[in-house]
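Below is one structure; the comments refer to it alone.
Chain lettering (A, B and C) follows the sequence in which the chains are written, and residue indices restart at 1 in each chain.
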Amino acid sequence: MSKPWYVGYFKGKDWLKNIDYTQEEIKKVLEAAKDLKEKFHKGIPTPYLQGKTLFMLFYNRSLRTRNSFEAGMFQLGGHAHFLSPQDVYTPTLPEDMIPYRTEAISDVARVLSRYGNAIAIRIYGDAAKWFIGRGHKVISEFAKWATIPVLNMEDDVYHPFQALADIMAALEALGWPKDLSGKKFVVSYAYSGGLKPLAVPQSVTLIAAMFGAEVVVAHPPGFELMDDMMKKAKELADQYGGSITISHDMKEAFEGAAFVYPKAWSPRGFFPPYNKVVDKEGAKAYQNRFKNWIVTLGLLEEVGRPYYMHCGPADRGQEVTDEVLDTYEKSLYFEEAENRLHVQKAVMAMTMGEPEK
Amino acid sequence: MSKPWYVGYFKGKDWLKNIDYTQEEIKKVLEAAKDLKEKFHKGIPTPYLQGKTLFMLFYNRSLRTRNSFEAGMFQLGGHAHFLSPQDVYTPTLPEDMIPYRTEAISDVARVLSRYGNAIAIRIYGDAAKWFIGRGHKVISEFAKWATIPVLNMEDDVYHPFQALADIMAALEALGWPKDLSGKKFVVSYAYSGGLKPLAVPQSVTLIAAMFGAEVVVAHPPGFELMDDMMKKAKELADQYGGSITISHDMKEAFEGAAFVYPKAWSPRGFFPPYNKVVDKEGAKAYQNRFKNWIVTLGLLEEVGRPYYMHCGPADRGQEVTDEVLDTYEKSLYFEEAENRLHVQKAVMAMTMGEPEK
Amino acid sequence: MSKPWYVGYFKGKDWLKNIDYTQEEIKKVLEAAKDLKEKFHKGIPTPYLQGKTLFMLFYNRSLRTRNSFEAGMFQLGGHAHFLSPQDVYTPTLPEDMIPYRTEAISDVARVLSRYGNAIAIRIYGDAAKWFIGRGHKVISEFAKWATIPVLNMEDDVYHPFQALADIMAALEALGWPKDLSGKKFVVSYAYSGGLKPLAVPQSVTLIAAMFGAEVVVAHPPGFELMDDMMKKAKELADQYGGSITISHDMKEAFEGAAFVYPKAWSPRGFFPPYNKVVDKEGAKAYQNRFKNWIVTLGLLEEVGRPYYMHCGPADRGQEVTDEVLDTYEKSLYFEEAENRLHVQKAVMAMTMGEPEK
């Protein structure tokens, strides 16, 4: 069977964040994902990674990520190992080593590089000690030492595959225009009692900017995204002809939007490096003041029926009402989830595959 | 390779309980299982589910079920994901949701339906809060929302694949007669200090009735099966020419039996909905009065050497003595375990497969 | 595709310890491993165990073992189940049974023998109650009852696959001589604050003796290997033309060595059967007196730059300094890790495979 053009297109590269790539390169990923999606639905085999092994290291729970990576590898002819940190000697940064229970990331990365073909990692929140950026540091340390591609399955700064799945769903919803220029795309805070990383809103903001959208980042005071991320988003907006603005009013932000992406994240000021200590209780008490940041069917109808987006799992009754998830016709919730499978298969085929000779 | 007739025979159907099917349909499953068993022993490949993924969600421990499903999927050319509830956001009924740790079953079922080809679930006991029927409700909720087949790997009411493996072992032992008509088949309580679900005795009673046996359900007072199950068993006995009777004496029940299936289950009266509260200690104290319900080699010989059956794991020294498991020639213990593999492969090939065009 | 000579060469045999085999037989394993290693690096498929299932039962954490067995099975066309004891009913010796949480090894072994093609087990330390030899007894019990090969993934006496990987790395380093005759090979204690089994130093000592090396076992008083192991090593040295000596001085032992293998293990006198009780705290306090048994770059250079060996994970800053692991040119650390993959694939192909007819 002859292999499509995208197998091995990014051979050997890591995928830590989408902003390491250009819009043109991301579009190649989406083209590959579209091809893989069509083949999946038609039942056409795609054995582009036969004999290849992916090591998946989950420091955090996962439904979509774990199952889409594991099923995706199998659908490509490969195999994925599901590794819990407690099943291995927990791979750890030099400053966090606990003898006999942890193992240096430098060693883990080099050993796994001898056995298989890529390492995928999820780490944020408690697993990264709620020091924002430490999860990304762990993944970067893997990338430094591994001689095989390292894939970011979500850290405390970036969730690149979610953003790829999202931009794919947005473009599909509009019938595959070349980008989102002229489209209002709102990345908004929505209330949850839980503490969630900033990875999703940051990655979605960045990719929407990279695709030329008129991006609005909406949140209550105290829920600012990281300064570097906003700066990078502005650069991308300038480069690709869109814009970035900030709003502190969900409804106002939603008015006339093509897409709204309302989702909880944590107020950064309660966590290092923005705070001296990790103050989870303070963060929860603070965010509990914003329970009115909930998405209802009424709100969506009032603001002009935008496409509803969320990475999942959505906290029902907090971020969004049941009826939005279960009845709103312009919800992309399950399509975004499905696209995780396709974009990940695309990136895996591109980074782990051998191009046709 | 041309596919056998049974691949896709029940395409897209769930397998929550055997009584959703007729005796004729169950016989088709057994025919398929027989074919798969022969091919397994001859080493003939059976790649009937190539590229297909099964999601296995285990709320409870398992040896036979997990390994037979996982090996079975692989032997069919597919792949099974082993999912512990703690590795995902625990899929949960609406009334049991805990934000940030659980995810609505409706969402989990719909997301997994996008990635693969069937969802298999085990849930009973503590995982179902010992409210008898709640485990089955969880699995039914999955079936309601999933767009791919849902398979019951044992809940608190039914264990359909165990019953299929058992009836196959019983028919094999007799040289594959068309049914069990005229054969005395005893489903009996046997003592264990542990608390076990009613799923196995209920499912075995139902399938023995469906196969026309003279079924005796033997147990001390207080170990009644669910009323609906006994009612359904009587209907099946009437329909298929057998009978159902109840006994409160193990030895009397065993006299002249062709098959005895002595196995522990819990006294229902200590658990909702039969009791206001979950009273595990009361249940244990009560069942400790019946330690004499143990199967010994002597007993089996006295009553005429029936085939000994048990789903496993048997509690040695409580339900049965070591020498029965390790030396009794008419024990079907390991054959029943093996048949789990074959009947499950049959049902998976039938529900998940694509029929030849 | 025609199969190489080694597929099925040891069909049906267990691999509990290397000393069940002769030097000639071990050389066959290494030849097979060399072939598999070359094919792995060239990307040549090796589907010698298609449709075969390996059950991996881990009572202890693992990085190298788990990933090399799981990836190895996949690379051979098979599939490995990762089983934690808490996911199954913990397989247990008769004397350790806890009803409803454990299952007799005799039953587990016989059931798994019905579903797949080999059982691999890791058990030592806490999982074996720190009664030295109990882990090996568990694995031997599996081997007694299973009708498929049983593979030792490390117990409290032996770690055969580590020793195979090590001897392969040593021979490779020297350009594949026929054995290690005339080479000084030092198996040395190195300090760690953790409690580690004796399996690695014992298995390495035995295989070095089997390959005719001048073996030195170096350790502080109290760190003696098991008497039976030393006796067997002496027999092998006599048989294969090498020698075994004991040293109590790391540096002196290292002088002029071709290979040094400095690695922590536990002082046996604090554990049964050498002690009446398990005295972990006593063992830790005792071994803390030997923190000077650490390998540094300076030491290696002083003694003549031998090849550095360690099974991994090495406790950095205790057994060895970072710079040895990260910069020493004659370190075989990662090559030993890689060879785990190849020797295990060799033994699996040899024991689980069907020879060409």
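Going forward, a residue touches a chain if its C-beta (ideal position, glycine included) is under 8 Å from a C-beta of that chain, and two chains touch if they have at least 3 such contacts.
Predicted model only: the values in this text are computed from it and were never measured.
Participant: Through what angle, between 0 and 180°, must subunit A be rotated so its C-alpha atoms fit those of subunit B, rounded to a multiple of 5?
Facilitator: 120
Participant: Same residues or different residues where subunit B meets subunit C? The copies count as same if more than half of the interface numbers are shared.
Facilitator: Under half of the interface numbering overlaps between copies: different.
Participant: List the centre-to-centre spacing of subunit B and subunit C in whole Å, with centres computed as mean CA coordinates.
Facilitator: 40
Participant: Using the touch definition from the top, which residues of subunit B touch two or more other chains?
Facilitator: Answer for subunit B, listing residues that touch two or more other chains: 79, 82.
Participant: Which subunit C residues qualify as touching subunit B in the complex?
Facilitator: 50-51, 53, 55, 78-79, 81-83, 86-89, 97, 99-100, 103-104, 106-108, 110-112, 114-116, 354
Participant: So in the complex, which bits of subunit A are touching subunit B?
Facilitator: 43, 45, 58, 61-64, 66-68, 70-72, 74-75, 79, 82, 84, 192-195, 312-316, 318, 325-326, 334, 337-338, 341
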